[in-house]
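Consider the two complexes below, in which subunit A is the common component and subunit B and subunit C are the respective partners.
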Partner chain A sequence: MTSKLKYLWWVVALAVFAVYPVVETNPSDQTIGVYTLLFMACAASWNMFSGYSGYIALGSSVFYGVGAYTMALISIHAHMAPGAAMFWLAPLGGLVAVAFAIPIGWIALRVRRHTFVVITIAIFFIFQLGAINFNFTGGTGGLSLPFIQWNTSYYSVPFYYVALGIVIFATVLSAVVRRSRFGLQLMAIRDDEDRALGLGVKVGAVKLTGFALSAFAIGMAGAVYAMFQGQIYPQFVFDPTFDVSVALMSFFGGLGTLTGPLLGALVLESAQQYLTATYSNNSLYLILFGALFLIVINFMPRGIVSFFIDRRRRALAAVAASASATPPAPAPSNVGSLV
Partner chain B sequence: MTVLLKAQGVSRAFGGLKALQSCDLEVEKGSITGLIGPNGSGKTTLFNVMTGYVKADAGTVTFDGTDITGFEPDKVFARGIGRTFQLTRIFGRMTVLENMLIAIQHEEGWLRGMTRSKSTKAEVDNAREWLDFVGITRLADLDAGSLSYGQRKLLELAYVLVANPDVILLDEPAGGVNLTLINQIAEKIRELNAQGKTFLIVEHNMEFVMNLCDSVTVMNQGTNLVSGKPADVRANPLVLDAYLGGGDDDDEDEEVSVNG
Partner chain C sequence: MNSTALLSAAKDGILTGSIYALMATGLTLIFGVMDLINIAQGILVILGAYLSYALQLHWHIDLFLGLLITIPAMFVVGIVVERLFFRRLTGPEKTGMSILITYAVSLLIEGTLNMVFSVNDVQLQAWYVNKSFAIGSVHFGFIYVAGFVLAAVLLSALYFMLYRTRFGVSVRASVADQTSAALVGIDVKRVSTITFGIGVAVTAVGGMIYGATNAFNASSSYDLISRLLTIIVLGGMGSLGGAMLAGVGMVFVGDMVGVIWSPIWSSMSYFIVLAVVLLFRPQGLFGKQSARVA
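What follows is the complex of A and B.
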């Protein structure tokens, strides 16, 4: 019964997202919806590797940027007619991101923990510098994509549904990985990589596969972003705050959980966009976020979703304990570990 | 008797510290072999070399006639050498059953792992059987991180066994656990040994080693000192000297039990 209820929640959530642009016809609110969905897709995909394996990558905007530049460069140089056909470049952007992720992962995944984080940041800056200094990327002036002349009153709607599709893709992929043996191996790597290796897990191959796989949806999101904006700049598609945002959204919602990153991105990105749009103040959200993070980190160190899952488990265990004479199931002991 | 696992002339230095110096060890097929020695005598380093966690500077490790020197830990495990760690290492944020399922997978390629669910019914049944064997089936659905120290020891033993290795290396299976559990572990080892499993055990608890093992090798300062039947080893003056005269600040227990 509980699992049926769980599916029902997913269906309800999906339905709400599906009707949002129909109900909310204000173009600026629809635009907020597009950005929010793009971040939800990126956070879910990032979490599929970093959340499950514990390898906190802070360079995922490399894949976002690669996806964006793939979209821009191909649509410009192939003289594509501006319009919906350009959406087909999104999966290609994802594939190019994966192609970049393989050598990057091959280098970065040789080290662990803090060193890994630092290496991913370093690789990110190499890409940002490259985008600023190469000629084919347009340098700091960026690139202008073929101009799409859709009516401004519904311009965002096609992007909204494509972004929703990417969110569904990233979520389903995360769910499938979680249920597969591969996902089990990623989580074993998170808990004790050396022990996993000693039990026959091919940790190198597993890590690299997960890393490359997580780049796909992020690359797609980057491509859609480029098309949506119509103009990209290196400092906005290779953006260090993107790296941090995606990670923080997952921490906020619940690292390594299925719904956590989705929830984190939904709350944080929509709030940020809303505050920026409403008060035309770019830094107001930072104050609010700071307060929000203090609360979450202090009272729910494993994120919102994990917090409620733990509480429910404890409640169930307490019920089970009072129902039978067997000793109660001890509460999960690792509350408080963040990474 | 044939030798199943053999270390020959293994040396390994960490900086200036020579942890192993031309150390030899033979484990006969179907035996329970004990490996004892003062703290810092290189027992765990030898384990690490044999299971691929540490690369030897010199020497060879052979298993069932094949040279496995320098193999990565996953390859060593796939060959049929399972091990436990002195400080138990389990996957804390996964359930006990999921811990068991991790160890089964050396039979398949990594790509296959992506396209299949995390367990088949047969694998779960098999895992539960082994949990039942060590007596912790009722904990199967708990987070492994919530287990007590002794339960972790049992889980670690169970998830090594689930992969059906030929030889099992146990690093202090009786360390830090109570007497009832020690006896329980000893009994399980005997039972498995009767079914043909070979054991190599590092242990400080002399009573445990002397009662359980067919043969004992004593290590001191990175090399093997004496090997033989437990009774002979116990009476050997070199062994007494290594334990009592070595000037190590070991805990009192083992010195007393060597004497006794």
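What follows is the complex of A and C.
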């Protein structure tokens, strides 16, 4: 695939996402679109650190929750007029999430691999229990944001485009990081941290920067979620399933790839929203999600995107091999399957 | 603060903590032998509790008698899970992948349990569940004492098996070095499968006691697994003694914080203890130093 063609695909995908709420005017389908985009942004941003560096963080809903509470607390205490102006709090939510990510990362990134995973889970529970027990968070009753009185038939649309903006931001950031020296350092850490350290990579600073950077878009998504819902509860913004969902979505699509997490979130989150809306039964989704993931991991251990890239490469190599063979070689029969 | 509260917290720490220690031992044993983190341990405890519940509901089998059925049943569940998902799992990403795989397994079980038993809380009932006796000013619930005795017996049996039998030697050799163990003729795969089975089988006991002392549904597994992970990391992953000590210590600390300060902070306290301990000892209290700290 030439690089021009590659860009064309991105443009087509963007165009499809941009016209979706215009074509699909059903409010509940638009709502599914908002949630799906929020998860795509979170998965892409999570992957930018965990996918590239190999440090699987299972506490990202800390940033989501911090973003959501930033939006809620400021809009309530500043008596903001309910409306589009509240969207300006989203980047602020992202920044607050980054501010939290720095000390969290400083503690958690001192350990490696599985201990890192477990300590991110522990930190997550500290935040969840804090949100439930502190007074200023409203406890289990949560917080009600200023009530936005937009017409229900197009209520979701502004949120949809803001969420799409966050997805674009997270994707572009992820792509830039991937091509930068910084991204290479992150991937060097994934491949062999000790050797990277030996070669002069400041692993501590690189890891912390990546960790904090990935918190930004997740915090923004949390803030938009809070505004969209109009009401937040600690158990829903600090949600252990969120932590694992973003990780599973990235694995499902392809860990460390650019498109994998986007694709994984697109498929899995829209499927969950659809199933929950259709059958109003979350259990069925849990079963399907679990089963689907186990199937993917057993048969495509590196995710869907990597699976197809590998197959394509192998097919191309087979073509190249047969082309370079003796002239009367049989015509490559697998050319058709390439398209 | 009075001495009764202190005594009571110490009692809870030992009695309730021993059950957590038992469940965490299963987890740490699996990690030690196979380098797998079994996130599904939480939901398997709940599955064990629901098995006891179902046996009692449909066949009126006593909770303790039911263990004779649920322990082998959970052992088989463990072996099936290991065979299906972990046999082919190798490479440096093994541990990380195991977290995600077992999480998917636990979602699968959670959804199934929600469908079969609904999401309403249940609690295991029997004539002895709410009975207690007092020594001095400290009250002892029968079920807690029974749980402690069971945990002590099983942990001793486990200890005996690991340190006094031929199979135990194979397990410890596999913990120390899988490749060398295989080279001296130990069937590491078989040892792994059986260890996984044993590690899961203890959830039958843990689940029964947990279910008799707490109202539970499938989502209680999140609370459980977070505690169990805290215990094994705090104790040092792969260390059996560490898991036991951390299990007792965690409940004790939680109760003390509850008495001195407020019960709402008790569950938060051990996550904070964990974070602080890991700052100074990244390998946990009794863990082997495996990876250098950057």
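In this section, the second predicted complex is superposed on the first by the 321 of 339 C-alpha atoms of A that agree within 3 Å, B and C clash if a C-alpha of one lies under 4 Å from a C-alpha of the other, contacts with A are read in each partner's own complex, and residues count from 1 in each chain.
Methods note: contacts are C-beta pairs under 8 Å (C-beta built on N, C-alpha and C of every residue); 3 or more make two chains touch, one makes a residue touch a chain.
Quick caveat: nothing in here was measured; it's all calculated off a predicted structure.
Trainee: In the superposed arrangement, which partner chain does A:45 touch: subunit B (first), subunit C (second), both, or neither?
Mentor: Neither partner.
Trainee: Once chain A of both complexes is superposed, is A:197 in touch with subunit B (first), subunit C (second), both, or neither?
Mentor: The answer is both, since A:197 touches subunit B and subunit C.
Trainee: Decide which partner touches more residues of subunit A, taking subunit B and subunit C as the two options.
Mentor: Between subunit B and subunit C, the winner on subunit A residue contacts is C.
Trainee: Just to be sure I read the superposition right, which of the two partners does A:174 touch: subunit B = first, subunit C = second, or both, or neither?
Mentor: After superposition on chain A, A:174 lies in contact with neither partner.
Trainee: Just checking: does A:183 make contact with subunit B only, subunit C only, both, or neither of them? Give me first, second, both or neither.
Mentor: After superposing on A, A:183 lies in contact with subunit B but is clear of subunit C.
Trainee: Would you mind listing the overlap between the subunit B footprint and the subunit C footprint on subunit A?
Mentor: 194, 197, 203
Trainee: With touch defined as at the start, can you tell me which subunit B residues reach subunit A in the complex?
Mentor: 51-53, 72-74, 76-78, 83, 85, 89-94, 98, 101-103, 105-106, 110, 112-119, 138, 142-143, 145-146, 159-160, 163
Trainee: Could you please specify the touching residues of subunit C with respect to subunit A in the complex?
Mentor: Per the stated touch rule, the residues are 31, 37, 85, 88, 93, 95-97, 99-101, 103-112, 114-115, 222, 226, 229-230, 233, 237, 264-265, 267-268, 271-272, 274-275, 278-279, 282-284, 291-294.
Trainee: Which of the residues in subunit A come into contact with subunit B in the complex?
Mentor: It is residues 177, 179-185, 187-188, 190-192, 194-203, 205-206, 209, 256, 326, 329-334 of subunit A that touch subunit B.
Trainee: Write out the stretch or stretches of subunit A touching subunit C in their complex.
Mentor: The touching residues are 54, 56, 58, 107, 109-115, 117-119, 121-123, 125-126, 129-130, 132-133, 193-194, 197, 203-204, 207, 240, 244, 247-248, 251, 282-291, 293-294, 297-298, 301.
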